[in-house]
Amino acid sequence: MANQLLEVKSVDVFYGDVQALWEVSIQVEEGTIVALVGANGAGKTTLLKTISGINSAARGEILFSGEHLENLKPQNVVDRGIMHVPEGRRLFANLTVLENLRLGAYVPRARPFFAESLERSFTLFPVLQTRKNQKAGSLSGGEQQMLAIARALMGRPKLLMLDEPSLGLSPIFVKTIFELISTLNEQKATILLVEQNINQALKIAHQAYVLKTGKIVMSGAGNELLADEEIRKAYIGERVGRRQR
Amino acid sequence: MNLILTLRVLVNGVLFGTTYGIAAVGLSLIFGTMRIIFFAQGTFIIFFAYISYWLLTLLGIDPYLSLIIVIPASMLLGSALYYGIFKEAAANEDKNISLLLAIGLMYLMENFMLVVWTPDPRSVVTSYTTLVFRPFGIVIPFTRLTTLFIAVLTAAGVFIFLKKTLIGTAVRAASEDVVSTTLMGINPNWVNAVAFAIGIGLAGVAGVALATIYPFDPSYGFIFAIKALIALALGGIGNVYGALLGGILLGLIESLGSFYVGGGWADAISYGVFLLVLIFRPQGLFGGSIKKA
Amino acid sequence: MIDKIYSYIKDKRHTNIFFTVLGALIFAIIPLFTDVEASYLIYFLFLTFIHIVIAQGWNLIAGYAGQISLGQNAFFGLGAYTTALIWLHDITKTGYYFDPVVMILSGLAPVVLAIIIGIPLLSRLRGDYFAFGTLGIGQIIIVVFLKARAITGGADGLHIPSTVYESMMPYYYTGLLLALFAIAVVYFITRSRIGFALRAIREDEMSAASHGVFILKYKVLAFAVGAFLAGIAGSLYAYYLFHINPDSVLNMNWLFYPILMCVLGGTGTIMGPVIGAFFMTAIFSFGDVYFAQTHPIVSGVLIILVMKFMPTGIIGLKDRILSRGK
């Protein structure tokens, strides 16, 4: 068995009385890209939020490098080395680009490396350097997504979780973002990716899980799932076909 | 003659308004991170006015010098209040609980002061209480000028803290999006406690400043809280810089109001302005901040 | 037969009705066994009834519609002043003393105010902002009453000839009736379509609006009914006080008491404010007798303790204990 960085074991999550996740189990191997795909409301975002401690699991275990995360608060999960780029980016719009990045490196683990991380971010995203004193809210959608990812990288994550990074972006930026994810992975980053852009996500993912109404309905290597026409039709639906055009 | 009189009214308005301003900055900070209006703020201002009164009458410590004791003590009290009373409520989605806690605290403090210090007005009288400057015929009491000076200094200190330090940046970030700050690894309790410490610290400064200017009694705390709230609304709730300006503006409105239409109605005018701003310009008069969804 | 009654009571829908009727009967016969004129118990219950009325008003606005009003003291005071003014100027040409017409008018005056201020405030302000708006209105009303000396007597207020006072009896029974009335009003409103709409607004205003609930209408309605209850409570209190001034009927206590009682008993429940009113009035009375000055401190501590340790109130505590037992 390869070195599993993150292991989610039979997790149940509820919103009030409504069960959102049913015995969900996934594994993220170190150095890989793992994609979570599925329709809207399938529970992908819920799973990410549960891993990062925003939601709590009613049952099940979440292990990160062998350490239990179930009862940790979000800030402590970050401390362990998981950075979560939430859906909609949630930048601090009234803060400058630089201030956003500074907060990305807030945790004691990352703070001493601030200068180093900043240089890396600016190399990856030169546009952020030119706009470092602008308010984050004044950036374009694509630039904001870059800032959100850069802010997460400032925390020197062992695991980077991206929730819908391509949502609402122009096709050119979508391409850029997926290239970026591959690049980051080549630089040894482990990435857990939630996407509705299923084709693109499966193309770059080493491993993928398909969620449907709160349950994992199938899993496999990304390109295998991509190739399996039947399975795609059954579980991923027509969205794939539409996106292919 | 009329010009000088008007000028005098305006200057007094600004001088007194700065006290509202620093109180409102405190309210604004606590509102930013906790999303509640800390109603007890005014009562704490009066509480620290009494502390400064005691330090003077019992220990002979000059009120301005007492700031050295009052500021750290009030900041400590602020964070203790957060951890002792508001911590659980802050995590709760229902903000009404925090609001009611603040109301309960105000009620408690006001009545506590009534018992300890009685309802009779007290004032802090020093050798310089009656000292007055008269530039160009405008009467400016020394204590009011000092208050202005202290207020500006304090506000500048808070603004620099918010702008330059990492935790200050975190406080500003939390007032935009608390969940997102926790995803940066920032402990929301820590941020809230800092906001409370500064908020009550500012109440300490305002209390000492107030004590040197005006006689005060326990019931004045509630009125002061409303005044600070008006200043906050004028400046835009959640806008820390606007709060200071809002305070000064309120001081001007009151000063002009009581000069031209008389004492009691001046209050009604400020409440009226408050309502109009709430209804027609809820982002405040100096709002330039980016709207959030 | 007894089995049937027992199961009828055990049905949750009937418990409240049963206890209200039982309570009403008990309270109705208490004066038969006590010296009404001298008994502290009667005075205590009279105060409790007034508190129940005003607390139920706040309960409807805050607990069911989710709009925290900080202006109940204005409605209470307006009700009290209306009664005093009608009495002094003999406007209705009726018997003045415990005249139902006067009491209803004293409830309607705040309703008019509530509608006039409620439409702009409730249509434009949400959450905290609404609370501040009502606070501002309340403060303006106080200034107006202080300044309109020709009508209100300013800070000194109005003196009603206290020679008409004969017995505590009418106060007690009017209070009891009004308390029952307030409970019934809130009970039937919350169990009607209106109550359903109010709860929908409280839970999620946007989604209520998208389901075709005319939000403003229901909010103003709740606000107005709350004002009416505060007004008639003020009216009854004015009959008892004989001396109406801003200090006695517009003071902050009339703003905080209803909040305190609802919160303590359980906001957004029918019986919560009733329990809260009994409990708080008992504490106040006990404090008044034994710790004349310090008792408001106790009240402050109580609010904090309750909100910290049982934010759903005594009723919520009961539910919590029951669910823990399961």
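In this document, chain identifiers A, B and C correspond to the written order of the chains, with residue numbering beginning at 1 in each.
Basically, contacts are C-beta pairs under 8 Å (C-beta built on N, C-alpha and C of every residue); 3 or more make two chains touch, one makes a residue touch a chain.
Here the structure is a predicted model, which means the values were calculated and not measured.
If each chain is drawn as a node and touching chains are joined, the picture is a simple open line. Using mean Cα coordinates as chain centres, the one most removed from chain B is A. Separating the centre of chain A from that of chain C, both taken as means of CA atoms, is a distance of 52 Å. In whole angstrom, the spacing between the mean C-alpha positions of chain B and chain C is 32.
For the pair chain A and chain B, the distance between mean C-alpha positions equals 43 Å.
Chain contact summary for the complex, chain C toward chain B: residues 62, 68, 120-121, 124-125, 127-129, 131-133, 135-137, 139-140, 143-144, 146-147, 252, 256, 259-260, 263, 293-294, 296-297, 299-304, 307-308, 311. Listed in rising order, the residues of chain A touching chain B in the complex are 52-54, 73-75, 78-79, 83-84, 86, 90-95, 99, 102-104, 106-107, 111, 135, 137, 151, 155.
Per the touch definition, chain B reaches chain A in the complex via residues 166, 169-170, 172-173, 176-177, 179-188, 289-290, 292.
Considering their complex, residues 35-37, 85, 88-89, 92, 94-97, 99-101, 103-112, 114-115, 222, 226, 229-230, 233, 237, 264-265, 267-268, 271-272, 274-275, 278-280, 282 of chain B touch chain C.
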